[in-house]
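Two complexes come next, and they have one chain in common, subunit A, joined by subunit B in the first and subunit C in the second.
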Partner chain A sequence: MTAYLAIVKLTCRSAIRSHIFRLLLILLLLSIFLLPQTLIGDGTPRGDVQIFLQYCLGFAGFILCVSSVWLACSEVSSDIETAQLHMIAVKPVRRVVVLLGKYTGVVLIHLALLLIAATVIYVFLSVRLNSSKFSEADRALLEEQVLTARAVYAPERPDFNALAQQELDRRIAAARERGQSVEQYQDDQRRREEFYEIRRELIATRGLIEEGDAVFWQYSGLPDDLDDEDIVFLRYTVYVNRYYTQDQNAVRGQWLFTVHYARPDDDGGETVVSDLAAMPEDDVLTSTRNEMPVPIRTSFFIRDGRAELGFLNKDTKTAELNFEEGKGPFLLVRETGFFSNYCRTILVLATGIVSITLLAASVAACLSLPIAIFFTAAYMLTGGLANYIVTSLPDAIDYQAEFAGQFGYKFGKVMLTMIVPLQDFFVSGRLASGELVSFGFIGGLFAMDVLVRTVPVFLFGAWIYTRRELALASKRG
Partner chain B sequence: MEQPVREPEKKPAAAERPVVVSAVGLTKVFRDFWNRPKAKAVNDVDFEVREGEVVGLLGPNGSGKSTTVKMLLGLLYPTGGRLTVFGKSPRDVGNKKLIGYLPEETYLYKYLTAFEMLDFFASLFGLSKEERTRRCDQLLDMVGLAHARNRPVGEFSKGMARRIGLAQAMINDPAFLILDEPTSGLDPLGCREVKDLIKLLKKRGKTVIVTSHLLSDVEEVCDRIIVLYGGRVRANGGMEDLLTIRTNDTITVPKLPDDALRRIREIVKESVPDGEMTVRHPHMSLEDFFVDIVNEAKKESIETSGSRAGGAIADYLTGGPSDAKSVLESLTREEETPAKSLTRQMEEDAETAAQEAAKRKQEELFASLQASAPAPEEEKSEAERREMEAKMSEANRKLMDLLNRTPDGKD
Partner chain C sequence: MKNRYAMFFSLLAGTIILLFANVFVQERMAEVVKEDKLVDENFAAEGTPPVVAVSTMALGGFRGLIADILWIRAGDLQQQGKYYELVQLSDWILKLQPKFAAAAAHMGWNMAYNVSVACKRPEDRWRWVHRGIELMQEAVTMNPNDPEVYKELAWIYQHKLGNVLDDAQRYYKETMARQLMFLYGKHYPDWKAWVDAPATEAELKERFPVGTDARNAIEAYTQGDLARLFGEFQMNGGLPKELAEKLSPADAAVLDLHFRRRWLKKDWNVEPELIATINETYGELDWLLPESYAIYWAYDGLSRTPDREDLPLTRLILQSLVASFNYGRMLLPKENEVSDFFLLVPNTGVVDAARKIYKDIMASDQYAHSPFEALYENFLIDATVTLYTYSQKDQAAKFFNEIKTETKNKNAKTMTLDQFVLNEWEDDITSGDFKQIGNELEGLLFTSCLLIGFGDREAAADHLALALRVYNTYAKAHKGVDRVSLPSFEEMKSQTAQAIIENYPPEIANRLRAELAEDQRRKEESDARNAAQAGQEAAVP
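Right after this comes the complex of A and B.
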């Protein structure tokens, strides 16, 4: 244990006294002291605070990740190359203890820095909030939408496969009724192509609303212990027509809230009754994220953890409005306070540092310093790319995408089973949006990104480290 | 008069001492990226090092001595053969508690101060904080770096770095010490201290392997040398065995009168007519001369920067509390146990008696030599000449016997 602690201490000293680390430290200080002074949001108090939180924490986290990769690679790999490890390896210390000591040292120093950075950013935010002369309305908006932690509920996703199959069956039946040939549907390949075409069309038109028409979304799993004091927020983005555009327009629409419940009837049985509450018709800004509190009593709106809402298109100028599938509308329910959420965000960053350092240390245990840094950076970039491919082509596997799309999607899926996507650990955007960073999410990250994906890599690195001929890798002596 | 009796090559018990290092058919082949053999650095090497021996590992660059040392330390793995240290694999972690290593270049953590560095290495042996502090302070004092205790080792000169390297190699009071070029980069004073330290370690029964290009250093401290060339052992044996020129004799005597010298010349010419005799004054080594000068300067309190002459030997290395004696003075002390003390006393008594006897015999011999110095040829008869020749032959034989005898009187 004394030896292990000595190596941890040595690693911390090495970090503190190294020039590159000091440079990164300066960058970190800049990110937490100067960046807040230079950032300007969208002019609203909410925007300012959101930008402040997102960029300061994001930049500090990024610097710490880069620093941990560099320091872990440097501590493990350059020690072998400069033969300094010879002096340790000939002492009665197991090499795995050396590797663990170095890893622990790097992690500890970065966690300490993360803690300092997080504290400074929080203090800065508090000072900024207290010293600013916000109106009561702005302050309330901040409290409700930013300085909070709300669980996000997405609408239930229809079973597009079943719907597509129904539609296909209907088309075949209709063709038969009309006496048309159904030969095209008897060929498996063509039938599958038709199926996926219908499915794609269904997804694309799921949130498409023509003038005078309405679309409804169902929600489940909502907390059923809410009272009327609890405010539920609605977040949505609506586009004009089915093509995405950044052009913002004001369109007319109306939000509808329905509730279905059973009411005893005269016969002693139950009748399901639907009630509808409509918000006043209003202008809605397109191509931007909108958020508003639901002005309906929560006890009315949410029954048994379920809710349903709809949007009625009342705009006469545009052909149709589009709520893109997978992008809401979302319901947000407050779970806890901002400080708790802030700490959870820091915990996610800490998990990232633990995971990335494990990875970097294990790679450096096998490779030379520049190759180890390159490999770790490439690993993380591949993780990011894989994540992007998979999230941007959610249904690529289901329909007849081109070969490149299919390959990219499958490649991304395979990569994601092994590689840690760096962006998993950057949740300052969620914090800034007042979204809850749940313990379930953090536990999942730890289980998947640390235990499942990184620890096996570390064990492999440690195995190589304990077996390799150190003197062969040395560039001196 | 100088003691002319030769030191014994090896204590009789050497062969019975436990084996510390055993290499049988030791081979190391370096391979390229494709696993093709690139170089055979060590080729079927056999050697043993026993407890208490100081062995010099010699060879030109590329002869395989560094590779051998690295295999001994578990930094490289043998391709073939068997190598054990203390009867176990060199990679055995427990064994490393007994080993001290001074690499050819001292690979230091430059951001650490001298004390921090020693403290770190002491921690690797699991020593308590108090013990670490005590040893670090004593070692710093011993290697003459007490004044640089809080200086980063990155600022050290090469000599200072060697000294701190030497200190870390002895932080655990190792039973087996591997010193790779221990005097490289040191000034003559430092060289002397290192050599004296090796002698001290030998007295304490430590096993030492020394590699050095400075052959005079090796010659001075080693009992035995192993010469490597091309990865093979070319010579392996005791210093005296390998270096003694059996065909020549050297006699050291006080300054002789010219007449006696002339007569000795004549005797030698008579005994070995074709031989060549050289008479010259012995001279001290440059190192001794330099050390004397520095010691004189120290007496005059002339200050110098950098490392200073070593102080007292760390008491845990001498086996008892440190006194104020210098390294050189401390060398006479040995690790004492009652049994050892008795044995040592007996050995010393026997040695003194043998030396005195030898001294007496030598004086008698030279007296007889001088007394029987031949008269001018023309004054002697043939019979006298023959008698003289017989006496000279007898004297020569006695002298040879005496010189080949060990201090305790054994052959």
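Right after this comes the complex of A and C.
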């Protein structure tokens, strides 16, 4: 243990002496102190705070990640290359302890820096909030939408595969009934094509509302213990036709909420009745993220953790309104305060540093300094690109995607099962949008990105480190 | 060996000859570079902006890659309806790729048009339009010789702010006018005095040398920190009273204008010299209005093109001048105080300039087959009617003569000016339905009453006379058809005036009320005179 602590201490000292670490430290200081002065928001207090949180935390986290990669690689591999390791290796210390000690030193120094950076940013934010003269309305908006932590509930997603299969079966049966040929459905490839076409159509038309029509969404898993004072928010984005069309403008619509209330029955008891409450018709802006409090008492709206709402298209000017699948409407329920959420965001960043450093240390245990850095950087880049490909090509798995699209999608999927995507740890966007960073999410990240994906790599690195021939170092030394 | 020496010396001689020959063409090449504006004059004189220089040096070829990533991010965020990062991302993209003028133009246009309409409140919309304008102004600074950016910037002023297509257009005009009025200090500044005012701190110090009373007073107040005084000036819209009292009126005026022109440059990127030139070229414009700024940017862009020729920019100047002619003067209830009850009336002073541009364009070979002739004829007709309606009958007659001589308009050749103007209205009257005519009449009466409220009696009288003629023509055409009969003219006039008195600010209402009372008094006097005359006539056997 003494040896381990001594190595940790030595690593910290050595880190502080490193020129590149000092440079990164300066960059970190710049990002904390200078960046907030140069940021330009959209001019609203809410936008200014959002951009401050997102960029300051994002930059600080990124610089710390880069610094931890550099330092871990440098501390582990340069010791071998400069023969410094012999000073330790000749002592009765196991090599795994050496590696762990170095790793711990690097992680500790970065966690300390993260803590300092997070504290300074928080203090800056508090000063900014207290010294700014916001109007009452702006402050209320800020507190409701940014300085809070709300769990986001997405509507239940229909089982599009089952629906598509049902529709396909119906079409085949209808064709048979009409005495038409069903030869086209005998061929597996053709049937698959038809299936995906139907599925795609179902997804595309799920939130499409023609004039006079309404679409409803159901929610489950909502908290049951909410008081009537707890406000539930509704966040949605609606488009005229598709988001990329030029027709975006204000449209007329009406929100509908399913409400539940108890009514005395003949037996002297109470029966719960469900009804539809229609809000006054209003102008709704398209192509922008709208947010509003649900204007219904929470106890009427949420029952047994479930809720239902709908939207009625009352616009006579436009053809169709579109709530695109996967883009809400979302229900937001306050779970905790901003400070708690801020700490959780920092915890996620800390998890990222632990994971990235673990990876960099294990790679450096096997390779030389430049190659280790290159490998780790390539690893992180691949993770980022894989994530981008997978999220931007959601339908590529369908038959219609070109070979390159399909290959990219599958490659991205495979990569994501093995690689830790760096952006998983950057959740300042969620913090800035007032969305809860839940402990479940943090636990999942730790389990998947640290325990499952990185620890085995570290064990492998440690094994190589113990088996590695250090004679090269002695020759160079 | 000998051959190698021969080769070496002949190459050396060739090089020397070419270098020597370069002396003769160098000067000409420098001239061509200057004439064709192949380098940015601003950058050559003042150096590249520091942020651009640093990003160019530090990031090298990676600038493009980073700009691409930021561009993709901006697109993604916009698709999600998250706009708060857009200003920052656009700013970074512009700084990373300062010469990619088309990208900057797109980003500015996107903010002014697409993002602004995603906001409900007019003040939010204005903020986005203004952000777009600011970005384009920065792009202009980075690309002073690129007409595309000037065109886009002028277009936003002319189309987005000047036109009536946006629900918040009146708010835009009012806010812009408020900000500019605060900056100018009065509605119609003396631009020549602005031009004479020192433009920089160095020029100011030159104007007030060490030891002069003015210099002593300024230094005693600022303690050497002129920037603080400038900040104070922008906050209050004028010099601090304490300092102004210590300066002579002439010195105070110089200092005041110095700060104002610096402020104009800083916030609007506009030079008073160019404003004065434009006023001289096209006529006195109202510089509270967006059309004037559209002309400014289009003119500036045009003056930086090699041969001062650029069709889109020329068209923009023309469109803005025509718009300015139609609505280019802002009438305010109180002098030098912008209110949301402003009225836009024609700026008849620019009509000759607009006509000249039409003529220049038509005379140019390049536009020989364009539809400008028809447009020109319509312009002449509109100009004649507007000038006639706004008490400029001589000017109207001049334009009417041009319609006669330069176009194939048959009506003009057979009618007098009065008949022609009324005929233009009659076209609408005879073809329009009851509701339409009612609206048009109400419009004329409303404008007439408002003009009284704003103090322009002459134009008000012309509008009233025209309204009466329209009314009489309509009444004659629909005589005996009760279904489409209008209330009496006096009744319509009184209702319109009452609506304005009830809904407009006291300054306008009081003027209108006084005018109506005066009208009533005159009418009573005239009735009494008539009655007396009738009595006298009856008394005569």
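Basically, the second predicted complex is superposed on the first by the 443 of 477 C-alpha atoms of A that agree within 3 Å, B and C clash if a C-alpha of one lies under 4 Å from a C-alpha of the other, contacts with A are read in each partner's own complex, and residues count from 1 in each chain.
Keep this in mind: contacts are C-beta pairs under 8 Å (C-beta built on N, C-alpha and C of every residue); 3 or more make two chains touch, one makes a residue touch a chain.
The structure presented is a predicted model; accordingly, all values stated were derived computationally and were not measured.
With subunit A as the common reference, the superposed partners subunit B and subunit C fit together side by side. By the touch criterion defined above, A:178 reaches neither subunit B nor subunit C. When the shared chain is aligned, no partner comes close enough to touch A:263: not subunit B, not subunit C. When both complexes are overlaid on chain A, the residue A:14 reaches subunit B alone and has no touch with subunit C. In the overlay built on the shared chain, the residue A:88 is in contact with subunit B alone; subunit C does not reach it.
When the two complexes are overlaid on their common chain A, residue A:6 makes contact with subunit B while staying clear of subunit C.
When the two structures are aligned on the shared chain, A:133 is found in touch with neither subunit B nor subunit C.
When the two complexes are overlaid on their common chain A, residue A:237 makes contact with subunit C while staying clear of subunit B.
Contact with subunit C, but none with subunit B, is seen for A:44 once the two complexes are overlaid on the shared chain.
With the two structures overlaid on their shared chain A, subunit B and subunit C come no closer than 29 Å at the level of C-alpha atoms. Touched by subunit B in one complex and by subunit C in the other is not one residue of subunit A. On the side of subunit C, the complex with subunit A involves touching residues 79-88, 91, 114, 117-120, 124, 127-128, 131. Only residues 39-44, 46-48, 50-51, 54-55, 237, 243-244, 248-250, 283, 285-290, 327, 433 of subunit A touch subunit C when the two sit together in their complex. Within the complex formed with subunit B, the subunit A residues making contact are 2-3, 5-6, 9-10, 13-14, 17-18, 82-84, 86-94, 469-472, 476-477. The residues of subunit B lying in touch with subunit A in their complex are 30, 66, 70, 73-77, 93-97, 99, 101, 103-105, 107-109, 111-112, 116, 120-121, 123-127, 168, 172.
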